[in-house]
Structure formats: C-alpha cells, structure tokens
Amino acid sequence: MQQRRTIDQIHTNRVLLNGQLDTPKWWAPTVIVLGIIVAIGFFMIGIMVNKGLGVTGLSRPVYWGLFITTFVFWVGISHAGIMISAILRLSQAEWRRPVTRAAELLTVFSLLTALMFPLMHAGRPWRIIYFILPYDFARGIMPNIRSPLIWDPVAISTYLTGSTLFLYIALLPDLGNLRDRTTGWQNALYTILSLGWRGNPRQWKLQTVGGILLSALMLPIFVSVHSIVSWDFAVTPAVEGWHSTIFAPYFVIGAVHSGVSAVVTMMALMRWLWKWEDFIRPEHFDALARLLIVVATGWLAFTFLELIFAVYGLDAPELALRELQIFQWPWNILFITFVITGYIIPVGMWLQKSVRNNIALMFWSSLFVNIGMWLERFLIIVPGLARKTPFVYTWESYRPSGLEWFILFWSLAWVTFLMLLFSRFFPLVPLFEQKESQTFSDSIKIGRVKVPAIVREAD
Amino acid sequence: MSKSVLGLYSDPNQAADAMDALKGAGFPLGTFDVLTGTPYPEGAFGEHVPQHRLFRFPAFGAIIGFTLAIFLTAATQIAYPLVTGGKPILSLFAMLVILYEMSMLSAVISTVVGIVIESRLPNVNPGIYDNRITEGLIGVVITTDDDKSDTAIDALNSAGAMEIKQA
Amino acid sequence: MASEAIHSGAQADAHSGTHEEAHHELPARVEPDVITSELVASTDSNSTGVRNWMWILGIVTLVGIGVGFAKLLIEWGDQSEWGYTAAMVAFLFSVFGGAPLVAIAPTLAKANWVRPVARFAALCSLASIVCTIWMIPLILNLPMLVVDGARRRSIWFEGPDVSPHMWALVSMITLIIAALGLIYAYAIPDFAAMRDHSTGWKQRFGSWMARGWIGTTIQWRTLRLRIGMMGTLYFFTFVFVHFVISTDFAMSLVPGWRDAIFPMYHAISSIQAGLAVTVLGLWAARRYMGMDKYLHLDQFWSIGRLMFAFTLLWGYFFISAFIVYWYGRSGSDKMWIDYLILGPYFWVFILGVLFIWFTPWWWLIWNRVRRSYNGTAIGAGLILFGVFLDRVRLYVAAWAVPEDRIHERFLTEYPSAVLPDVMDLFIMVGALAGCVFIVLAATRVLPILSIWDVQQFNLLYRPVNYMRTKVSLIGKPD
C-alpha cells in the first residue's frame, strides 16, 4: 500500500506549519479550558500537601495506590517516543517519518508528568531533596544508591534529559525553517534556537549520523527505565506477586504496547485537528497496527509467563493472592476488563484490514489499550499489598478517593495542555523528514508496472 | 577582501551543474557549499564529503560519566557504611544501575555537544542566505577573493541560476 | 521536484570520486538465467570436497548414535550422567532452531536484504530432527511427574504423570512438521526450477514436489500467504518448545529454581545463536560454494547488527533475573546464585559470559568489523561457543541434582561438578555432526540460496546514478 503522493516543499511548509503561522481557531479556547482543569488540579495537589495523605484512600497496608499506578502508567506511555523514533530510525522504516516528533514529545511530557506523581505521593514533596542530596554532612548521611527508589529518579531524569536533547537536535532544521517564515520577536526566537542552521551537507550529515547514534544510545536507556521501575517492585520479596524475574522485560513490553497505542491516539487527533490528511495517512495507522499486533502478542506471552510461574512454586500465599487478583470481587471485574480491553478487543480489531485503515476505529481501539494497561498496573500494585503479609499485620482493601481520581484526570489534561502549548511554537510533524521522504522516493519499472522504491545510500 | 556569492536554483541538477562549473573554473572543493531544505544522498551534488569525529564524543562522554558514577556510588557508601543484607559495603550490583545511567547520560550529552560542534554550530555569523532555500530552492554558495567573484558568478550563471545574491 | 531529479540523475554518468572511497561498492546485478543455472548446479554433489565432508560427518554421526545406545545400556536411570547430552540437545536446538527466525521476521517486515539468506536459515530447522532423536534417551531418563508418591513442581501441575515427556516429544514433532512446512513453502518455485533445469532423479523429484507450479499470479500470491502462515506457525511452536525444554529439562529438576524469565532468556539466546549460525553458513557458502556473487556485505552488515542487538539483549535478560535474586535473599534466591552462578560451574559461567556477551559486544560494536565478512563470522563463532557454555552450565547443573531431593523447598546441598566422560564427548560431537550433515545433505537437493528469492532480490534492486553519486533503489511492492 503506497498512499504517498508528490507534495512540494511550499505546500509542506504551509500545511505543517499551520500550528505556528496560522493558529487554528479551536486552539485558544481548548488551551483555556485545559488550563482551568490544570489549575484546579494544582489546587487539589495543594490541598493534599496541606492536609496530608489522609485525603487519599491510602492506608496501611496499601501504601502504594492510584498515584504510583499512574506514575507507572505515564512512564509506560513515555516509551512511545524512543520505540517509534529510535527503533524505526535504525530499521529505516519509511512510515516512521510523520510520527517521530510527536512520539518524542509524548515521551518528554509524559515523563515530566510521571515524575510529579512520586513527588506528590511523598506527602511532603520538599523533603524529596533529602533523597537526592546529602542532607547532613556532619553525620555523613548520603542518598542510598543501593535503593531502587533512588535508581528510579536517576533513570527517569537520564531518559528525560536524553529525550529532550534528542528532540531538540531533530528540531534544528525545522527551527531554521520557522526562522525563514517568521518576522519580529518570533523570528528572533527561532534565530536563536536554530543556532544559525543553514542546511549545508555537513549539517545534514551530522543530523543523519547523529540521529542514528542518538537512537542507538537512547535505546538502551529506554529499556533500562521501565526495567528499573519494575525493580521497585521485583526486588522486594516481602510483597506477594512482586518478586518475579520477568518483571523487567514484562514492564518494558507492556510500556511499548501502551506507548505506541498512545501514539495512535495522538496521530488520529493530529490528523483531525490540524487537517494533516496528506501527511498522516491510513497507511501509517496500518503499519502501527501491524506493529501493535506483534507487540501486544509478545506482551500477552509475558503476562502468561508471569502468571504461570507465580503459581509454579505452589506457595500457599502466592496462590491465595492470584485467587484474589483473578477470581474475587472486585478484582475479578477489573481483571476481566483488563484482559478484554488490553488485548482481546484491540487485537481482534487490528486483525481486520478495514479497521487498520479506519482512523476513527484505530483511535478507539488505542484508547481501549490504555484503559487495559492502566488496570494492569493497578492489579499488579494493589492486590499484593492488600493481603496480610508477615510484616503488616492487617488486612485492608483500597478505594481511591475522589481527589485521587481527579488528579488522574488532571494528569491527562496536563499532558494535553503541554502538547498544545508546544504545538503553538513548534511543528508536531518533522518537516525535513517529510521532505526527505519525497527526495528519497522513486519507482522501479518492472514490466508494465511501476513499483514504488526507496533510495538507499551505500553503508 | 573576500566576497560571498549565492546562486539559487529550482532544479537540483542545475545546482549540481553549478558545482561542476565552479570546480571547472578552478575553485578548490571545500571553498563552495550547497544549501538545501532537505537532505540529499551524500555526494549528490558532487560536493566535498564532510568528515567528522562524532563517534569519539559518546565514548569520551561514557568514560567521564562512568568515572563520576564510580566516585559518587563508592563515596556515598563509604561515607555512610551501612551493611545491608550481609553484602559487602561496595557491592558492584547495587551500584550497577547508577553506573549505567550516569555513563549513558554523559554519553548522550556529549553526543549532542558533538553534533552541535561538528555541525559547526552555533553559527553566529551564518553569512549569505535566502529564505526560499527552506521552500525547495537549492543554494550554491561560494566565498572567494573580490577579484575572482566575477568568475564565480559566471560559473553560477552558466548552470542557469534563477537569481544571484552577493554579500 | 525531487523525484524527477532521480530520473534525470539516473541518466547522468559522472559522479564524484571522493564519495566512493568512504563506502563499499554496491553489489552488481546478476542475469536471471545465470542465477537459475548456477544455483541449480550448486546442488550437484560431484564435488569431492562436499562428498568427503558428507562421509566424514555421516560416520561421526553414526558413531555418536552407537555410543548413545551403549550409554543408554550402561547408565540407564542415572540421571546425572545425561547432563551433557541434555546440554548438547538444548544447544543444538537453540542454534539451529533459532536460525529460521532470521528468515521469517525480516521477510514479514519485507526487508530486501534477507532474500538470499532465507533458504539457508530455513534449512537449519531440519536439525530439529537430529535433536528429537537425541531427546529420546533424555526422555527415558527424565523423572516422572510423581516422584515417591508426591508431585514435583512442574508447569504441568495436575497433568498426567508423563506430561513433560509427552509434551517434549509432541512439541518437537510439531516443530519438525512446521519446519518442513516452512522449507517446502519457500521451496516450491525452486522445485519447479529443478524440474525445468535438471536431469535424472532430481528432475523427477522436482517435478513431483513442484505440484504443477508455473508461476501464475495466483500461485505467487498463495505462496506468500503460505510462507506467512508457516512462518507464524514455526515461530509459535519455537517459543513453545523453548518454554517446554527450558522448564522440563532444566528448571523443574532443581528444587527452588523459579524463574519466570528463563524461557524467554532461552529463546533470546537461541535467536542470538541462530543469527550466528546463519552468518557462519553464509560465510562458508561464499568461501567454499562460490556464492560470493549473491551474498554481499549488505547481508553480513544487517545480520551483524541484529547479532549485536541480541548480544546486548542477552545481558539484559540475564541481569533482569540476577538482580531480582541478588536483592531477594530468600533461601531459593540464594540457591540460584550459589548453585547456578558461583557454584561448581563458576568458571563455565565466567567463560560463558565472556563469549556470549562481553567479547561479541566489544567486537561487534565496531562498524569496521560488521562491514567485513571475516569480522562478522568471528563474532558469530564467539557467540556460538558462549551459548554452548551457557547451556552446559544450566543443563549439566540441573541434571546433576539427585531425584530424591526433588521435593525440597530449595536445594540446600549442592552436587559437585560433573565432568564429561569419553562417551559424552562422542555423543556431543556426533550430535553436532548430525545437524551439520542434515543441513549439508539438504543443500544437495535444494540450493543453499533460494533461486526465486535471489531473482526477486535482483528484480527489486537497482544500482543507479543519482545526480553525482551512486545509490541503490530498493523496490517496495504492496
């Protein structure tokens, strides 16, 4: 399937820079509404800091609840960027081109959001500083680098810094483009940000080689981040259901599943909102859906292994936990919903070619995935804690408070708000990639037919 | 005094012809450059293929990061020697994650610095340029002595430049 | 417009000299009739080199099988004596079973470079026949599910007593069927070429196997569909066999070893080894079978990159398990480290890590190495040796645990190291020779490079002049 057509550079500039040069009418009202939700969310967080964590549903023994679930969820979403951008760049998949920027951006903003959850969950966020810096030189008390709770911020800030720099480097040619299309203060801003980009062969070569090198460096970081998040749980033998060797790759592949789905959601929105039908085409959704079938099935295999080796040991408490997690009210409903929305409905849909090429259906299927994946994290974290363990002599279930639900909702609004703000100043689809795909596309004549072809330079 | 001349072309083949004409007129490779709004296959214009040392940057960065991380992890544990689980105070596996992340972070940062430096950016005085290059025109730019600028302009025109700019 | 530039550029003849030096030459295209005649002729076993090798390998295989019988009679029921056979079967299955994935995954992703590689990678799966034969003595010596009146831990839970034995056999036979199906699905057009371009029994055989193939549009379409289906079947069976072998023939024999990542670890290192054996096979095909016209740096470069990625993945999967045990510190956690890592096989472990991970990592990281035939092949050799040591460490240790300890919560006393005896050496060499023999024998029937895939590669690949440089055009149909 090749829906590509020849588009000249002036048209590409006009359409893909419409967010910056000709801001759509819906933009301002949407940003204002989202801004209000974000402000209310911050107010709620303020209330929580003021009153303490008693305003949440958290209580012994369930001391990790909706906040940590949502933290893991956003770290998972952040895996979209590098998955799409780095792996597809290294494998030279042509269809990556319109997707990369938005995916990287999603990485940056979802990581920023993820980082806020452990902060607010700490109850007194300012005390986090003692986590990071030596707080008492006289007594020599230092951050405990042996603790996974220190690994987490280190890994996430590495990933965040790397992704932001990666995003910026890949933005340089487009900043040069915006500099050439703007006047006044905007021109001054883009002139500074584009660092004097001219587009000579040296700069293009470094852009290409640097992109590949950064992809190769970001890839191992991307794998490490969710692995380290998983070790928050897995290195703890005290909580049933957490101490499993498969957690690291299981979390990573789950993150890719939810992250790539989130990219599908975002691409559909971009196509609808900015009217980028020429650039974000059904063939891109088709390719993403095929990739997602593979990822989702791999993830299902990991889920299966996680479950089967949990019961393999035949330890009574572990068996009881799985009984609770899968068969007992209300977890059973959550578990069934998780399986149905995380795999059965979306993959069942993606197997149909008509669905893969239908943007509205792809949009809804990708939302299903993320409902399922959020539930997966909830089911991993909470039931294990809810059971009485040797160190916590109490049984308690957990019901998130209204405030916690609102903060979950706030995080969605917050990420969307940041994305929209970004779109006002920077293009969401990389223009130079789009133009490059035009330069590097050709066709081969075989008999009577012209087969689309790609120009490849010798390695 | 040196002078910069920019020829603008709508067809990439004309730009390649202009590069050939400049070569033919005796200007050495490397004194003229081609400006485009999109990457072309390397050598497409017969241009001087740029050499770079980008691959050294991540290696250098990783070594720095690793060394710093060894220092940080070792120093904090020695400064507060708390035995955990009967393991030695300096246990490699407890330090592994920090060592890894700091090496990678440092490698990424130095790669980005490398990309910027090797791209010869930031370029405070970018020189002669035309905004239409990011709209698809190809620019061939040459900086030469005043007395040779006419030869350069002739060469650029011979390939069918749609416009010549001088600065 | 850029696309026009390509066409007009394609006719331009001058190109820059400076650019050429930085890269390797683009491979030249070969005429279609030359491809068919050369590749059909390559199946000829008249060359003395191939014939001698087949004799040697065949004899070594048979000696190995004979020694296996003898061992079965002498050491029946002594589980610890079969560790090396188990390690060898796991190793050979990992190596040769993993190779077809090299063909399947990039084919499904429509990568053009993989076409000349697909046949050899698929043929490697035939070695699963040898593995199945060698699995029989292992199955005969594997403990039942109920030992001394109580059930041991296993993935079969309340299943029949012989579940591990039965499923191992069933899954291996399914894999053989999938492998044959995959090879056949790939080979139909080549059988037709054999029918049209050979004489004697090969012509009759080709004619029978080609099933009237004349290359109509419908036939090509169903061929692709069939390859896709058989590839998917092979992949799922492959994963299942790894799950069964790694748990039933290693993990469940050691009380307290509960390792959810282990089947995936096993499969990942198998793909790593499959890539390595493919590289070695292609290297040999270039060197000894005159295939250098069809196999280029493109193939070695691409597989080299994948091999590098899977080498790093091995490290990741290992550390994912290790760190959980290291931090866990429960009795069974400590057992895993003390017995399988630091225990009697410590040096095997160290050497294994060196060869499966550390050395190939720092070898294959260099572009210059991956851009050379010999460099990639050396990397492949390192990996294969590393995977062998890894299997020895895991399987010999697992089989050394006496049956009467199987109900312990976790192993508390560790059996001492088991060294291979002379019979083990004969068996291991014989099994390896058997796998190489069966693949080599298959190349006497089907060409080591698939004719139609090489034709297709040529059809969709064009070296062209692009303005002042040379590039290749890769066609992307569909």
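Annotations
Order of writing sets the labels: A, B and C. Residues in every chain begin at 1.
Everything that follows uses one rule, which is that a contact is a pair of C-beta atoms (placed from the backbone, for glycine too) under 8 Å apart; a residue touches a chain by one contact, two chains touch by 3 or more.
What you see is a predicted model, and the numbers here were worked out from it, not measured in a lab.
Compared with subunit B, the chain whose C-alpha mean position is the greatest distance off is C.
A count of contacting C-beta pairs for B-C and for A-B identifies A-B as the more extensively joined pair. Put simply, the C-alpha centre of subunit A and that of subunit C have 34 angstrom between them. Centroid to centroid, with C-alpha atoms defining each point, subunit B and subunit C lie 41 Å apart. Work out the mean CA point of subunit A and of subunit B, and you get 30 Å between them.
Across the assembly, subunit B contributes 38, 40-42, 45, 47-49 as residues in contact with two or more other chains.
In subunit C, 2, 5, 323, 329, 466, 469, 471 are the positions where the chain touches two or more neighbouring chains simultaneously. Counting only residues that touch two or more partner chains, subunit A has 8, 220, 231, 435, 438-439, 455, 457.
Contacts from subunit A toward subunit C in the complex involve residues 1-2, 6, 8, 90-91, 94, 220, 223, 227, 231, 234-235, 237, 243-249, 301-302, 305-306, 308-314, 435, 438-439, 441-444, 446, 451-459.
On subunit C, the positions that touch subunit B within their shared complex are 2, 5, 8-9, 12, 14-16, 18-19, 22, 319, 322-323, 326, 329, 466-469, 471.
Interface residues of subunit A facing subunit B in the complex, by the touch rule stated above, are 8-10, 13, 134, 140-146, 148, 150-151, 154-155, 157-158, 161-162, 165-166, 168-169, 172, 176-177, 180-181, 195-210, 213-214, 217-218, 220-221, 224, 228, 231, 432, 435-436, 438-440, 455, 457.
Interface residues of subunit B facing subunit C in the complex, by the touch rule stated above, are 11-13, 16, 19-20, 29, 38, 40-49, 85, 93, 96.
Every residue of subunit B that touches subunit A in the complex is listed here, in rising order: 33-42, 45, 47-50, 52, 54-55, 58, 72-73, 75-77, 79-80, 82, 84, 91, 94-95, 97-98, 100-102, 104-105, 107-109, 111-112, 114-116, 118-127, 129, 131-136.
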